[in-house]
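Presented below are the structures under discussion, each in the form of structure tokens.
Next, two complexes with chain A in common: one pairs it with chain B, the other with chain C.
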Partner chain A sequence: MTDLEIVIKEWPRLASGFGNTVLLFGVSSVGAFLLGAHMVGPLRSRSKIVRVALHSYVDGMRMLPFLIFVYLLYYGLPSFGVKLDAWTAGLLGLTIYHCAYVTEILRGAWDQLPTGQTESAQAHGYHGFRLMRRIILPQLVLNSAPVLGNQLIYILKDTSFLMIITVQDLTYAASSIQSMYFVPLEPFLIAMALYWAISLLIERLVRVVQGTAKVRGLGRA
Partner chain B sequence: MLLDGAWTTIWISLIAIVCGVPLGFGLSLIRVRRVPVLSQIVALYVSLGRATPLVTLALFLFVTLPVFGINIDKYTAGVVALTLNTASFNTEVWRSAYLAFPQSQIEAARAMGMKRGLYFRRIMLPQMWYAALPSLVNEMTLLIKASPAIAVIGVVDLTRVTNRIAAQTYEPLPPILIAGAMYILFISVLVRLQRRLEKRAERYAT
Partner chain C sequence: MAAPEEIPILQVDDISKSFDGVEVVSNVSLKIHSGETISILGPSGSGKSTLLRCINWLEKPDRGDVYLTGKRVGRKEDGQLMSDIELASIRAQMGMVFQNFNLWPHFTVLQNVMECPVHVLGMSKDDAVLRAEQLLEKVGLKAKRDAYPYSLSGGQKQRVAIARALAMVPTVLLFDEPTSALDPELVGEVLSVMRDLSAEGMTMVVVTHEMSFAREVCQEVVFMDDGQVVEQSTPDKFFSNPQTERAKRFLTRYE
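Presenting the complex of A and B:
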């Protein structure tokens, strides 16, 4: 059997690894975004305790390597009697970790928004959730599309760390085919090509969003 | 043991930074000068390098290079993986510093009769350096945060060492917390440096 035939024979393994990677990436991206969108508001809360707590969460995550955080969840939490399986720890880790980054990106975009706009929206009767969803959040997303896209690529790349805690992702699949049949080249090349394909899709998505932003007169160059 | 791990993380990251910054600079020059063929290859490398997870890259280098007769130990593979990864980001940083350089200054230098090499070295390079430095330091923090990836090929870095300690003491939490605190320390030093450099860059820009 040539190397390529082995890879074709083992395709289901690669495909399921790819599926897991896409699943981890998709669920945690959506989760991180939704959570992050709910956190930017409270970041400017009047309560000092809420502010300090959120800021230390965001800054803490931004200084911690992702793998250390996952280790904390996977190896550290059992010390408190909370035992997570690898998948749950991985998904939770990705979501909570990247939520901090998303929050920070949205906060940066919010700082650029003119305050008069929010005030006039309030004068028109927009408050709380509706103000956030209809007026503020769309602008934040449209304005920070390139940075959010970058963060999506980081989320994608961080999924591969999870093979270290035995989640069977795309990199794990490539590495296991490699060690079973000793075909070092092809599985990794295919895995890299697949990661690349997703990131190209993300870049395409960013360009579409930027186009929308331009039509609406938003977005910086 | 933790200190050994920390030391491994530091020296491997340092070598990757020291090699990756000039490499990114050279590659960005190929891009901005539009050297035929090479420029396209660099663009492809940057796009791929930004998209490939470090875990995948490290494994790939570690198992594939020996097949081509290049014997590589795990530390070298780790350093090369980190360097290739950070260089692709640094290329973009340098390139944007070059593209943002005010055209009027180049014209002024030309009017004074300066040759390309001279004004590039004496006028563009120092200013590009100030403009790019904050982003380069930012990339260094990203590099350190991604560096635990090289644990997959068996390098015992600050992250990996926590498993070893836990295997002996059956107490996984304390080493992970200490390792986390050390990472926070390293990165907060870099973040502070970045803020200071940003202020300096602003001063020079105006």
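Presenting the complex of A and C:
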């Protein structure tokens, strides 16, 4: 069997790993975004305790390497009596970790938004999360599409760390084919191409959002 | 015997507001009755805009009270601060038009006008579209319904902003220097819409530098300087025979 034939024979393994990677990426991206959208408002809360707590979380996560964070969730938490399975730890880890970045991106975009946007919404009877959802958040997304897209690519790539805690993602699949058959190159090249394909889709999405922003005179950063 | 006074649409009671220890509005009181248009005049930095922003509590007054048709704004009967929800519902009854328009750029013109009726008042989308179209017709911009604010001139933006405020069927409309950010040739189209509204009996408080508007449209002129109301009279009296040195000096600059 040539190396390529081996990879073709083991294709189901790669496909299932790819499926898992897409699932991990999709769920944690949506989770990180929704959570971030809810955190960016309280980041400017009147309560100092809330502000300090949220800033500590955002800064704390950003100072921590992702791999160590996932290690702590999966191997560290059991010492405190909390035992998570690999998937739960992986999804939680990705979501919580990248939510900090998403929150920071949205915060930065909000700082650039004219205060008149919030004031005119308040003057017309908006408050709380509805103001955020209808008036602020769409503008933050339109204005920061390239940076958010960049973050999505980071989330995608960080899924590959999860093989360390036994999640059977695409990198895990490639790595196991490699170790079973001693084919060092092909499985990883294919994995690389698949990561690349998703990244291209993300880029495409960013373009679409940028186009939407452009006709509205937004997103000219 | 005087008839019992009707409840004013808007009553400002001894309002004061400081920023960083500097009092920007000092003990201002006003009453605006139904159908009246009053203008607030004064040099830059005289506290006009801050006063207006205190009326709908975009700025929280340090002292004093605002009443909208007899109902206290910002504070409950017992003096406790209103919750955000209560404040939002009372603000929804006051329209506000800003110097910089503050239209929402991600929505089309039509969406800007129907946004609040649908999402604040809970009106059905079909009804909101109908009303928004009527209002856009009124301000002469029905043809622009699907345009984004980005593509409009300043005068058009401000007319959309007026339609947006009217869509909430406000009890009173607050204008914060609505023509100050406009090119001179675009001022007229906005003032003409405001004139029509005033003639239709809309209750309006207008902070402005447009002396002709104050003189021709308003029932009352309030002149502010250094955060205080210096003169308050009919436009006729104020423009032909100002009582104070400060008002005279101010008016000579606009001759």
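For this structure, a couple of remarks:
Please note the rule applied: the second predicted complex is superposed on the first by the 220 of 221 C-alpha atoms of A that agree within 3 Å, B and C clash if a C-alpha of one lies under 4 Å from a C-alpha of the other, contacts with A are read in each partner's own complex, and residues count from 1 in each chain.
Here is the rule we use: a contact is a pair of C-beta atoms (placed from the backbone, for glycine too) under 8 Å apart; a residue touches a chain by one contact, two chains touch by 3 or more.
These numbers come from a predicted model, not from an experiment.
By the document's definition of touching, of the two partners only chain C reaches A:122; chain B does not.
In the overlay built on the shared chain, the residue A:130 is in contact with chain C alone; chain B does not reach it.
Of the two partner chains placed around the shared chain by superposition, chain C is the only one that A:217 touches, whereas chain B remains out of contact.
Within the superposed three-chain model, A:138 lies in touch with chain C and out of touch with chain B [touch as defined at top]. Partner contacting the larger number of chain A residues, of chain B and chain C: B.
Overlap of the chain B and chain C interfaces on chain A comprises no residues. Residue ranges of chain A in contact with chain B, taken from their complex: 60, 63-69, 71-72, 75-76, 78-79, 153, 156-161, 163-164, 170-171, 174-175, 178, 184-185, 188-189, 191-192, 195-196, 198-200. Interface residues of chain C, counted against chain A in their complex, comprise 56, 58, 84-85, 87-89, 91-92, 94-96, 98, 100, 102-106, 115-116, 119-121, 148-151, 161, 164-165, 168.
Across the interface of their complex, chain C is touched by residues 114, 116-117, 119-128, 130, 134-135, 138-139, 142, 215-218 of chain A. Note for the complex: chain B touches chain A at residues 47-48, 50-57, 59-60, 63-64, 66-67, 144-149, 151-152, 159, 162-163, 166, 171-173, 176-177, 179-180, 183-184, 187-188, 191.
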